[in-house]
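Presented sequentially are two complexes of subunit A, the first with subunit B as partner and the second with subunit C.
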Partner chain A sequence: MAFLPANRAMAVRPADAARNFFFVLPALVIFAVFYIYPFFELLRLSFHDWQGIGPMHWVGFQNFRELMADKVWWNSIGHAGYITLIALTFQNALAFALAIACDREIRLKRFYRVVFFIPPVLSEVVVGILWNWILHAGVQGGEQVGLLNNFLVEIGFPQMVHNWLSDPKTALTCIAVVHAWKGFGWGFLMLLAGLQTIDRQMYEAADIDGASPWRTFWNVTLPLMLPVIIVVVILTILGSMQVFVLILSLVSQGLVYHTEVPVTRILGAMSGTNQFGYACAQALVFGAMLIVLSFGLKKLLNRVRWS
Partner chain B sequence: MRHAFVRLSCVVLFLAIFGCGRVDRHSETVELWHWMTDRDETLQKLARQYEQETGVRVHVELFAPSDAYSNKIIAAAQANVLPDIFGLLDKKPIVASFIKAGFVEDLTPAFEADGGAWQAELFPPAVDTNRFLPGNVEGVKPGIYGVPIDLTNIQLVFNRTLLKKAGIAEPAKTLDGFLEQVATLRRVGVTPFVSGFGEIWLVDCFASNYAFNILGEEKVMRTFQGEVPYTDSGWIEVLRVFDRLARAGAFMEGIVTKGNKYAEQDFALERAAFAFNGSWCVNVYHDMNPALDYGVTTLPAADPLLPMRSWGGAGSSFVVSAHGPNKEKAIAFLHWITRRDQQIVLTHETYNLPSNREAVVALPEVLGGFLRTMAHTTHPMIWSHSEDPVVVEALDKGIQAIIIGDATPEEIAARVQKVKEQQLRKLRRPGGF
Partner chain C sequence: MARDRSVILRVVQNMFLHVFLMTVAVACLFPLFWMVRSSLMSKAAIFTDHGLIPRDPHWGSYATAWVKGDFGIYFLNSVLYTVCVVMGIVIIGSLAAFAFSRLRFPGRNILFTLFVAAMMIPLPGSFVPLFVLMSKLHLANTRLGYVLCMINVGLSFSILLLKTFFDKMPTDLEDAARIDGCSRLQIWWHVALPLARPALAVIVVYNALNVWNEYILATLLLSDKSLMPLQRVLMVFNGAYQVDYPILMAGLTMTALPIIGLYLLMQRYLVKGIFSGAVVG
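Right after this comes the complex of A and B.
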C-alpha cells in the first residue's frame, strides 16, 4: 500500500465511506446534541434578555456591554485568579515535595500515598462541612466552638482567634487554602507517577559524579519532570478557575462580593436574579478566557516537550 | 453477520436518539415532583393510602435541594415535560411567567365548586399567596393557581433556658428593648442572635419586615415602582437597624456566611438565645435536640407605634400542569391531601402548620405560637408590586456589608439606588420590559 500513488491509496469506495460514517455517527450525534447544539443555544441566549421562562427579548450586544462594565464580575475573575495562584504555588509545591518524599525508600510509603489521596476523593460539600467545623467562629459557654480557634486558645494564642470565613481579609485565603488542601492529592499522584518514570541510572550517574542532592534535583529531576509539571499546572489552572461548590459549601451565597468567583456569578445571574441571557454572556466570556488560557498553556507544553 | 451488525447498530442509534425523549404523556399515574426532604416519607405514605382508597396511583418523586428543584422545573418547562403536580419556588414574576406561558392550570373553578367549599376549608393567607388579584401588575388572569399543603411564617424564636440564665423574663417587643437584652446576654457570655444570613432571602425577609414597620406597605411598594428612592430617610433607618444590631454585638460571629442549616444547628445546640427562622424549624429542632425549650414571638419593632409584619402564608404549594394528561386526577389528589385527616397526618408527622383550618388539633406548643402570629403576616406573593431581583441582590449584599462593618447604611442606600436607577433605565428604554 505504501508504494501506491497517494490518490489511489486514499481512495475509499462510497459504500465503505458510508459504512465508516455509520460507525462514527453515534458519537457524532451525541457530540452534536450534547456539545454543539448547547453551545449555539448558549450563544443565541446571550443576545437575549430572558427570565428562563416566557418570551425572550432580543437585546443584541447589551448583555456583553453590561458585562464589560460589571465590576463585580471582573473582581470575581480576580478572586478566581488568587485561588489559582495559591493552588499553583502552595498546592503544587506541597504535592511535589510529598511526591519526592514518597518516591524514596521510606517507611509506610504506601500508607502515605493513600492518606494524601483521601482529600481529592472527598466530595466538595463534605470538605466544606468539615472545614466549616474547623473554621467556625462561634462561642458556647465561653469556649470556642471552631476547632482552629479552640486550638489557638489552648496553645496560648487567644489573640489570634478570628472570624475566618466572615472577614474579607481572610475569607478568600481560607477558601484558597481549603481548595489547595483538597486538590494537592491529584498533583501528588501525577507527579509521583512522573518521578517513577525517571531512570534510576540517571541518579546513580549524578551520584558517581559527586552531585549534591540539590544539584541532582535541579539538573536531573526538574528537567525530566517538566512535561508532567506543565500538565499539572494546566489542570490546576482549569480546576481552580472553575471552583464553586466548595465556596457555596463554605460561605453559602458568599461574603458580600468578597468571595465571588465567575461560576458563582453565573449561577447567581441564572437562578438568583433570573437573568438567563446575562448568565449565558458571562459563561461565553469566561469559557473563551479559559480556552485562550488552555491553548496558551498547550503551546507552552509543546515548546517544553520539544526543548 | 454484517447485516445483523448493521441492524443492531440501527437499534442502538435509534435508542440513543429517541431514548431520552419526553416521558409518556398518556400515563395513568399522576406524577408529583417535590423538594421537601423532611416530608417525603409522609407524602409517599399518603400517596399509597390514596391509591388504596381510590385506585389512582400517585408517583411521588423528590428532587432536593430546592435550588436544584427550581432549576429542574424550569428545564422541564422548557422541554415541555413537566409532571402533573409540581411546585413553583421562584419569585412572583417567575410564577407569573409560568402561568402566562400556559404551564399552570387555573384552579379557581375547583376552589369555587360547591359554593367555594374547598376554599373555605383552608386558612385565607395560605390561599391568598396562591392567588392573583384583578388588575395585578404581572398581567396574569385573576384566579387561584396553587394548592397550599401547609402554612408557614418566619418569626423570632427564643431559647428560654438561655434567657433565664441572663435573667430575661420574656423577649422585648421593641428594638431598643431588644438591644438592651443583647447587652445583657453578652455580659453572661451568651451569643444573642443567629440566622442563616449567608442565604440572602433570609436577609431580604428580615429587612422587608423592618421596611414595612418603618416605611409602611404603601411606601415600600412605591419604592419598588421607582417613586421613592432607597436614599429616603426611611430606608436608611431600615439599614440602620442592621448597623445598630451589629454594633451592639447581637449577631453570632460569622452570621453573614452562615447557611440556614448551620444557623438551625447553632440554635438547636443552644449556642444562641434568639434565631430568625420559619415555622418549619419546629421539625428541624425536634430532630436535632428534642429537649430544646423555646418559644416564638414577633421581631422587636423599630417603630412601636406601627405594626410589625413578617413573611407568612402558604408554606409549600403545588400547582397542576395545564398540559398534563391527568389534570382532573391531580386536582382531586391535591384536594384530598388538604382535607382534615390528611392534614392532621402531615402536621403530626412533619411538625408543620396545616393549611386546613379544621386540622388545628393538639398542635405542639411552639407550632401554636407560630399559628397565633399568623395574623401579623404578609408575603411577597400578595404584594401589589415586586422589586427587581438585581436590586434585591444589591440591597441584601449591602446589608451583609453593613453587618461586617464594610460600609455604612448611607453608602449602601446610595449604591442600591444607583442599581435601581440602572434597572429602571433598562425598563424604560425602547423595547424594555
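Right after this comes the complex of A and C.
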C-alpha cells in the first residue's frame, strides 16, 4: 500500500509509516545536528559574550549595538559591495556577451564552452595563490617581482610597477578582477542555457520584419531572457557578497584593513579575538541582509514570470 | 551581389567573434600554463628566468613536494574525504529522496520543505556554531567529524535533485519488483538507484568538486597536520615566511589537475547540475 504514488490519498498503517520514516532518518539526523542545531546556537550565542571557553554571559542586544557602531564592519560590507558591483556589471556583461557569441553556429563552440568553465571548477585557494604569484610574488633584491610587474617593465611601463595587492588603491580591484575571472563561467553557462531555449522562429520573424540586430536584442532576446538574468543576478550577489577564501589566499601578506569583507570579519572575531558572541551577531545580521536582498529579487522574478 | 556581401559580412563577423572568444579562452588557460611552467623552474631560476618555456625543465619539485613536503599524505586525505563524503551523500540522500518521492509517512511534506528551504537560505558564518558544536561532540580534529559536516553541506541539494528525478520516473518497474516480493529497501537498491544513474552522476561530480575544493571547515576543524587535505596545506605553505615557489606551484598543480580531469571526464553531468540548480534557484 505504502508504495502507491504520493498524491493518491490513502491511509498508511502506522507500522508502515514508521518503517518508511527510517528511510529519511539518517538524512534528518545529520540535518538536525549539523544545520538546525547550529542555526539556533548561532541565535543564542549572538546574545552572549563568550570567549569560546569559560563562562558565557547574557548581554542582550549589546553585540548588535556594538555592531551598529562598528565602522570596520560597515566598511567591510562596502568592500564586498564593490566586489559584487564589479561582478554584476563587468563579469556578467562579459558572460552575456560570450553566451550570445556561443549561441550560434560557430566553430570550436564546444571547446569554448569547456574552457570557460575551467576557472570555476578550481578551488578558491588554488586560484588565490596562483594569482598572488602572478600579481605579486614578493620583493626580491629590493625589486617588485611577479609576472605582471615583469611584463610592465618589458613593454615599457616601469613606472606602473608596484605592489598590486597591498596598495589600498588597487587591492580591492585586483580581488574583484580575480573573482570575476573565477566566476564568469557560471553566468556564461546559465545564460547560454537560457538563450538556447529561445525559439529560433522569433529571430526569423524579427529578421523578416527588418529589425536590426540591436533592436532584435532589445525587443526579443532581452525580455525573454529576463527570468534567467534575474536568477544569475541573485546567484552573483549571494556568491560575491560572501567571498572570503579567495581573499585569504590572494592577499597572503596578512589581512589588511582595506580588503576586509563581512565573512573575514566574522572569521576574525571568532578565531582572531575569540569573540564568539560578536562573530555570531555579525553572521546573523549579514545573513538577514542577504535573505532580504535575495527574496526581494525573487519576488521580482515571480512578477516577471507572470507578466 | 547582395548575397555575396552578406556572406563576406558573416565571415568578418565570425572572425571578430573568434578573436573575442579566443582572447577570453587564452585568459582562462594562461594562468594555469604559468602555474605548470613555474613548477618546472629551479629555485634559482624562478625569479630570474622570465621565459615562457623553462630552458631546463626541473621536475624535482614534484618529487620534493610529494615526499619531503608530505603532499602524498595530504593528497590521500583529500581523496579519502572526497570518496567518503560522496558515498555518504549518495546513500543517505537517495534513501531520503526515495522516501520523499515514493513512500508515505506523516510529516513528509513539511520535512521536504525544510530541506529545500535550507538550501535557499544563505547562512554566512555558519562555521562559527559548527566549530563550537564539533568541540562539544569531541568530533573536532577527527576525520569523522569533518566528513559528517561535509555530508550535511551537500545533502539538501542532492535530495532535491534526486527527488525531482524519482518523481518523473515511471513506477512500473517498482510495482513489478514489489509483486515479486521485493522489500522497500530492495526496491531502493535494485530498482530505484540503478535507474537514477544520470541524476547520481550529477550528484557525484558536483559534490566531489565541492569537497575537494573545501577550505574553511577543514581549517577550523582539523588541526593535526596528518589529517589535513590539500587545500588547507597549500595555505600553510603559502603563508610561510620564505615561500618555496617551485614547490608551491607543484603543489597547486597536483591539487588542480585531478579536479580538472574529473571535470573534463564528467563535464556533461556537471553542466546538467548547474542548469537544474538554476531552475531551482
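Just so it is clear, the second predicted complex is superposed on the first by the 264 of 307 C-alpha atoms of A that agree within 3 Å, B and C clash if a C-alpha of one lies under 4 Å from a C-alpha of the other, contacts with A are read in each partner's own complex, and residues count from 1 in each chain.
Keep this in mind: a contact is a pair of C-beta atoms (placed from the backbone, for glycine too) under 8 Å apart; a residue touches a chain by one contact, two chains touch by 3 or more.
If you're wondering where the values come from, they're calculated on a predicted model, not measured in any experiment.
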item: Larger contact residue set on subunit A - subunit B or subunit C; value: C
item: Contacts of A:W74 with subunit B and subunit C, given as first, second, both or neither; value: neither
item: First (subunit B), second (subunit C), both or neither touched by A:F61; value: neither
item: First, second, both or neither for A:A279, with subunit B first and subunit C second; value: second
item: Partner chain(s) touched by A:N132 [first = subunit B, second = subunit C, both, neither]; value: both
item: Touching partner for A:W218 - first (subunit B), second (subunit C), both, neither; value: neither
item: Contacts of A:S294 with subunit B and subunit C, given as first, second, both or neither; value: second
item: Touched partner set for A:Q51, first subunit B, second subunit C, both or neither; value: first
item: Partner chain in contact with A:N163 - subunit B first, subunit C second, else both or neither; value: first
item: Which of subunit B and subunit C A:I30 touches, first, second, both or neither; value: both
item: Shared subunit A contacts, counted only where both subunit B and subunit C touch the same residue; value: 23, 26, 30, 52, 132, 137-138, 140, 145, 252, 270-271
item: List of subunit C residues in touch with subunit A within their complex; value: 14, 17-18, 20-21, 24-25, 27-29, 31-32, 34-35, 38, 47, 50, 92-93, 95-96, 98-106, 108, 111, 114-115, 118, 120-133, 148-149, 151-152, 155-156, 159, 171, 174-175, 178, 184, 187-188, 209, 212-216, 220, 231, 234-235, 238-239, 243, 245, 248-249, 252, 255-256, 259-260, 263-264, 267, 270-271, 274-275, 278, 281
item: Subunit A residues touching subunit B - in the complex, by the definition given at the top; value: 22-23, 25-26, 29-30, 49, 51-54, 57, 59, 132, 136-142, 145, 163, 165-168, 171, 250-257, 259, 268, 270-275
item: Of all residues in subunit B, those that touch subunit A in their complex; value: 6, 9, 12-13, 16-17, 67, 70-71, 74, 77-78, 90-91, 93-94, 97-98, 100-101, 103, 189, 191, 196, 198-200, 252-259, 262, 266, 269-272, 389-390, 392-393, 397-398, 400-401, 404, 406, 431, 433
item: Subunit C partner contacts - residues on subunit A that touch it in the complex; value: 2-6, 10, 12, 16-21, 23-24, 26-28, 30-31, 33-35, 37-39, 41-42, 45, 52, 94, 97-98, 101-102, 106-108, 111-112, 114-119, 121-126, 129-134, 137-138, 140, 145, 147, 150, 154, 181, 186, 189-190, 193, 228, 231-232, 234-235, 238, 242, 244-245, 248-249, 252, 262-263, 266-267, 270-271, 276, 279-280, 282-283, 286-287, 290-291, 294
